[in-house]
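Letters A, B, C and D name the chains as they come in the text, with residue numbers starting at 1 for each one.
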Amino acid sequence: MELLYAFSVGLLTACGVYLTLRGRTFPVVLGLTLISYAVNLFLFAMGGLLPGRAPILSEVGTEYADPLPQALVLTAIVIGFAMTAFVTMLALKARAEDGHDGVDKEAPR
Amino acid sequence: MLLAILLTLVVGPPLVAWLARFGRLNAAWGAGAVTLAAAYALWPALQGAMAGETQLQRIAWLSAQGLDLHFRLDGLGLLFVLLILGIGLLVILYARYYLTSRDSMGRFYAYLLLFMGAMLGVVLSENLIQLLIFWELTSLASFLLISYWQGRSDARNGARMALAITGAGGLALLGGFLLLGEMAGSYELSVVLASGESIRAHPLYTPMLVLILLGVFTKSAQFPFHFWLPNAMAAPTPVSAYLHSATMVKAGVFLLARLFPALSGTPEWSWLVGGAGLVTLLVGAVVALFQHDLKGLLAYSTISHLGLITLLFGIGTPLAAVAGVFHIINHATFKASLFMAAGIIDHECGSRDMRYINGLWKYMPHTAILAIIASAAMAGVPLLNGFLSKEMFFAEAVGAATQLRLGWLLPAAVTLAGIFAVAYSLRFIHDVFWNGEPIGLDRTPHEPPRWMKVPVELLVILCLAVGIFPSYVVEPLLRVAASGVLQGPMPSFSLALWHGLSPAMWMSVIALVGGISLYIARAPLFEIYARLAERPGMYRRAHHLLERLYLWAGAVTRLSTPERLPHMALWVLLFAMTLALTGALQAGAELQGGRTLLPMDLLGVVTTLVLALAAIATVLLYRQRLVALTLLGAVGLVVSLIFVRFSAPDLALTQLSVEVVSIVLLLLALYFLPQQESRATSPWVVRDLLIALLAGIGMALLTFAVLSREGQSISGFFLEQALPGGGGANVVNVILVDFRGFDTLGEITVLALAALGIYGMLDGIKLQGPEADSDGRRWDPDLYPPVVATLSRLLLPLALLVSMFILMRGHQLPGGGFIAGLITAVALVMQYLANGVAWTQARLPRNHHWLITLGLSLATATGLGSLLFAHPFLTSTFQHLHWPLVGDFELASAMLFDLGVYLVVVGATLLILVNIGLMHRESHTPLTDAEEEV
Amino acid sequence: MNPLIEALLALLVLLGAAFTLVGSVGLVRLPDFLSRLHAPTKSTTLGVGSLLIASGVYFSQGDTLSLHELLVTLFLFITAPVSAHLLARAALHLGLPTRAAPPAVGEPRDGVRS
Amino acid sequence: MLSVALTLALAMVALALALSLWRLMRGPSTPDRILALDTLYINTIALLVLFGIRQQSQIYFEAALLIALMGFIGTLALCKYLLRGDIIE
């Protein structure tokens, strides 16, 4: 299972990086989103993979998944959204001012 | 001491700048007041120092690094504090009349106080590193002051040069100090001064000395670093009077005096310091004579006098040191007054060129008298302070000559310098106040305003007083200061006008006579000099060097930061990857750790497959943007599935909500962007693919390495403490709102900031959405299909119910403020989607700022609330309750905090989405639109 | 657990899963969009419905009554028709063909009359 | 008996998931993809429900609940985009 997980993280990273390297804003935003997925999963992995051991304390439960990475990732997801929104806004601003949707001042080829 | 420095350095500048807004003269008063306050704050300490004791004041800072704020006030410090504050006051008064209405007084006095504070810091520092910090601050402040008239290129260049030279010196000084600290085993001055023996014996003594001297020489304009000073004369004259006579250039010699006991007494010291001093003395004196610019003359004479002081310290006998200190005082007084007089003349004539301003005696006799006395002091005429110190200097030169077996060379050299000094002083007097009529002045000069002369008068009176009654006026201060320098027994000396027919006496006579005759026979010399001066001077060369340096810097920058952003991103990626790779190689650990892996199951395989295909499809079809977006949605969905699978329900919930919110956001943006991308593939596809693959593989390996290892985590604590400490069973939520509540507070603040930033960017943005879709099809005329509208209204209460439920139980079961907030936001956005802005805003709060504000203040208030009960910030307390239907459930103060989080999330999300949605209205003003449509 | 209930549960579960599967199969197999629209919106919704009933029964052992399922079902049954409605509208708006030629080979061109 | 049924059911739903994805990727029209995404969401609900029964824990239901809500809103937004372009107006 770990192999699959690692593979997923790697794949998401790869796709994200590729899109981020495109010359236009929209793919870059998509790419950043993918990368943030990958990073969140990676951070989450720090706690190890434990199916069916949610850190909700109960009388019967003994072993729980590591709650700390979860807490971190949770806020990371929300902040990630804020950042995506910000980047998107920048993209729109650039579009309004440069008249094209390239990431650079001069229009992409 | 700290108080005084804080006053001048931190409080003063902003205060003065602020005062200047209520009338420019307030700035002057404010500056004066601040200076007096600083003096008052220092007064007791000064008295103590006058009584001969050394006071230390320590404020613990980075004690571990041996860095404390550590101040020291002894005789030497006392002398310099008096110079800095006293002359500072006079300069403030003078500048108030000197600056014209075009010059911003606030800025000037702010800079001046900044400099004053830095200078105080230098002379009051006990810790060497701390001293260096203030040292650099003086360089910066002087840069600001010299370039005060930013419009003038000579001012800018002069300032830049001064900064470059002194800055470089400061760097050398840092090296020197570090070495010195290593040798002495401490950066505390008391230790350093006490361990002179071991320092001088240390093998690294010479390099350390050279480095420190580099700092000193650059600062006090010793040859060959003297050239920045004349070009700093582009500064307003008060600045020159303050920085370039009394304080900044004296910082160098101050350091010589300060470290005198630790470093002096070796041949290296004598030769380096003495040699530099001697050369500077001669060069300055000679060049000064040939300057046509008044301030130029004064600048070079300053250089020469600094050389004189340096030479005295170089000679290294205690008496020489005393003479050095004495000359520091005298030079400060007469040179400051001379600069001010020059400033007056400049002010009244509109020119400083001695070839044109002549015969001013008729127009401003009062100023003339002052200037004459001051320059006589500079020349070393008896009955004036300059004479006394100069005679001591001559005597020391003779003594040193016999010591160093230089025979008659040294005395001859210094006498020559004396001759030139007399000559240029004479020129300053005769050329300006007699020597015919003024030539081509645009105005007829007259006496300046009364108070503009007062500072000059005071200083001149001081010159006279010191010169006539030295033993009463200056001797006590001199003794204290000198003892501060020597840190040991005082040599016996007497400040008398008449020491009998000593060689020094004869030298003075020769200097006077020779100087006068030299001045009379100056014409041929001027021609020779003019011919020499055509060759590019030191300043010119240094200037070109500097220019080239800037060119290189620019080239390097362009090289390292490519024009196109993708390339920049590429570089960052490559750099990160190389770092990671090297790290991995150095670690050299097995890829797979000891942990037993989970078995693969069908579900895992399928989800991974779905994820992979969706992600790849996103990349393949990214040109059709809407499609890419839907696929991205699938990816997000699977990610949240993974969270569920590996027991992170909270994450799954958050991920799901964020997913949808992002889709809405991106759709909003996509409306203003091209729907498709041209098929034109960039030439970098292969390269980018390669990089992407490498990055992916790297991440995959890293993840696997992490996953296959047992890591110990601090979460045990959280798991144990969650119930007893936080009163919550959902540990994740307890961590968020309780254990790490402060972080969460920070995070919601970031969220709020991002939202507000977006709102700000929306201001005045002009974007028109297309009238038809990418295939030219007109939009569907039916805005809000009734079915959708009705049913989504029906859904709203359900959704809100859910979000409330999730918020309430967040502390016990999956949920919490973040998720609940997102759900509420989504539910409301749904109304915007289905029923339109008008309908929604007619029924909902229209501006979401107050939601954010409310949330943040609530969260903060909860935190502060715990302070009331004398608990640390954000300590939570809780109470078990039994609610019917909801079940046993507890009310923790942390839940109030969570409510704050909730509000912020709702507010921020709505603010972002709704306002972007409303953007394409001509000017984005959601409120008014809504009113129109309602 | 009571074998009768267990049998019932098993039946419900299998039925639900089957319906879900059928929905997706239909999504894949049916020739044109409007007919494809039927498969998931009806069959899948039904399937999930029966699964929810199953879990409702399963978790309502003893005296406690599990309400979540009800909520989910409510959501589904409100939203499913709306989604279908919207999708149909979109399809009509875009003028998608009612009898699709077999899916065009190569790069699909989206949102376009083919 | 139930566990067997669950395993079978899980397999079927997983297959359904894969099929929906295929339609999502294949298209050909955007409504097709949106429909596929919607179906994907619903399949996930099924998956979660089955999962909850198998793990005998109810913490999966909030996720199911949210998916029901979010899936709808996603579909709503996407369709609105196709119809009107400007989704918040």
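Note that in this section a contact is a pair of C-beta atoms (placed from the backbone, for glycine too) under 8 Å apart; a residue touches a chain by one contact, two chains touch by 3 or more.
Given the structure is predicted, the values throughout are model-derived calculations rather than measurements.
Visitor: Which pairing of chains gives the most C-beta pairs in contact?
Guide: That would be the chain pair A-B.
Visitor: Find the geometric centre of each of subunit B and subunit C from their Cα atoms only, then give the gap between the two centres in Å, rounded to an integer.
Guide: Each chain's C-alpha centroid was found; their separation is 64 Å.
Visitor: Which integer distance in Å separates the CA centroid of subunit C from that of subunit D?
Guide: Centre-to-centre distance between subunit C and subunit D: 8 Å.
Visitor: In whole angstrom, what separates the CA-based centres of subunit A and subunit B?
Guide: Going by mean C-alpha positions, subunit A sits 36 Å from subunit B.
Visitor: Which whole number of Å gives the spacing of the CA centres of subunit B and subunit D?
Guide: Subunit B and subunit D have C-alpha centres separated by 56 Å.
Visitor: Mark out which residues of subunit A touch at least two other chains, giving numbers and ranges.
Guide: In subunit A, the residues touching two or more other chains are 52, 54, 56.
Visitor: Two or more other chains in contact with one residue: find those residues in subunit D.
Guide: 10, 15, 17, 27, 30, 33-34, 36, 59, 62, 65, 69, 72, 76, 80, 82-83
Visitor: Please set out, as single numbers or ranges, the residues of subunit B touching at least two other chains.
Guide: Subunit B, residues with two or more chain partners: 626-627, 629, 645, 649, 670, 773, 780, 788, 792, 795, 802, 813-814, 916.
Visitor: Taking all chains into account, which pairs touch?
Guide: Contacting pairs: A-B, A-D, B-C, B-D, C-D.
Visitor: With touch defined as at the start, can you tell me which subunit D residues reach subunit B in the complex?
Guide: Of all residues in subunit D, those touching subunit B are 10-11, 14-15, 17-18, 21, 24-25, 27, 30, 33-34, 36-37, 40-41, 44, 47-48, 51, 59-60, 62-63, 65-67, 69-70, 72-74, 76-78, 80-89.
Visitor: Taking the touch rule as given, give the residues of subunit A at its contact with subunit D in the complex, in rising order.
Guide: Touch residues, subunit A against subunit D: 52, 54, 56.
Visitor: Can you tell me which positions in subunit A touch subunit B when the two form their complex?
Guide: Touch list, subunit A to subunit B: 1-15, 17-27, 29-30, 33-34, 37-38, 40-42, 44-58, 64-68, 70-71, 73-75, 77-86, 88-93, 95-96, 101, 103-104, 108-109.
Visitor: Going by the contact rule set out above, which residues of subunit C touch subunit B in the complex?
Guide: Listed in rising order, the residues of subunit C that touch subunit B are 71, 74-75, 78-79, 81-82, 85-86, 89, 93-94, 110-113.
Visitor: Quick one: which bits of subunit C touch subunit D in the complex? Just the residue numbers, please.
Guide: Per the touch definition, subunit C meets subunit D at residues 1, 3, 6-7, 9-11, 13-14, 16-18, 20-21, 23-25, 27-28, 33, 36-37, 40-41, 44-45, 47-48, 51-52, 54-55, 58-59, 66, 68-69, 71-72, 75-76, 79-80, 82-83, 86-87, 89-91, 93-94, 96, 103-104, 108-112, 114.
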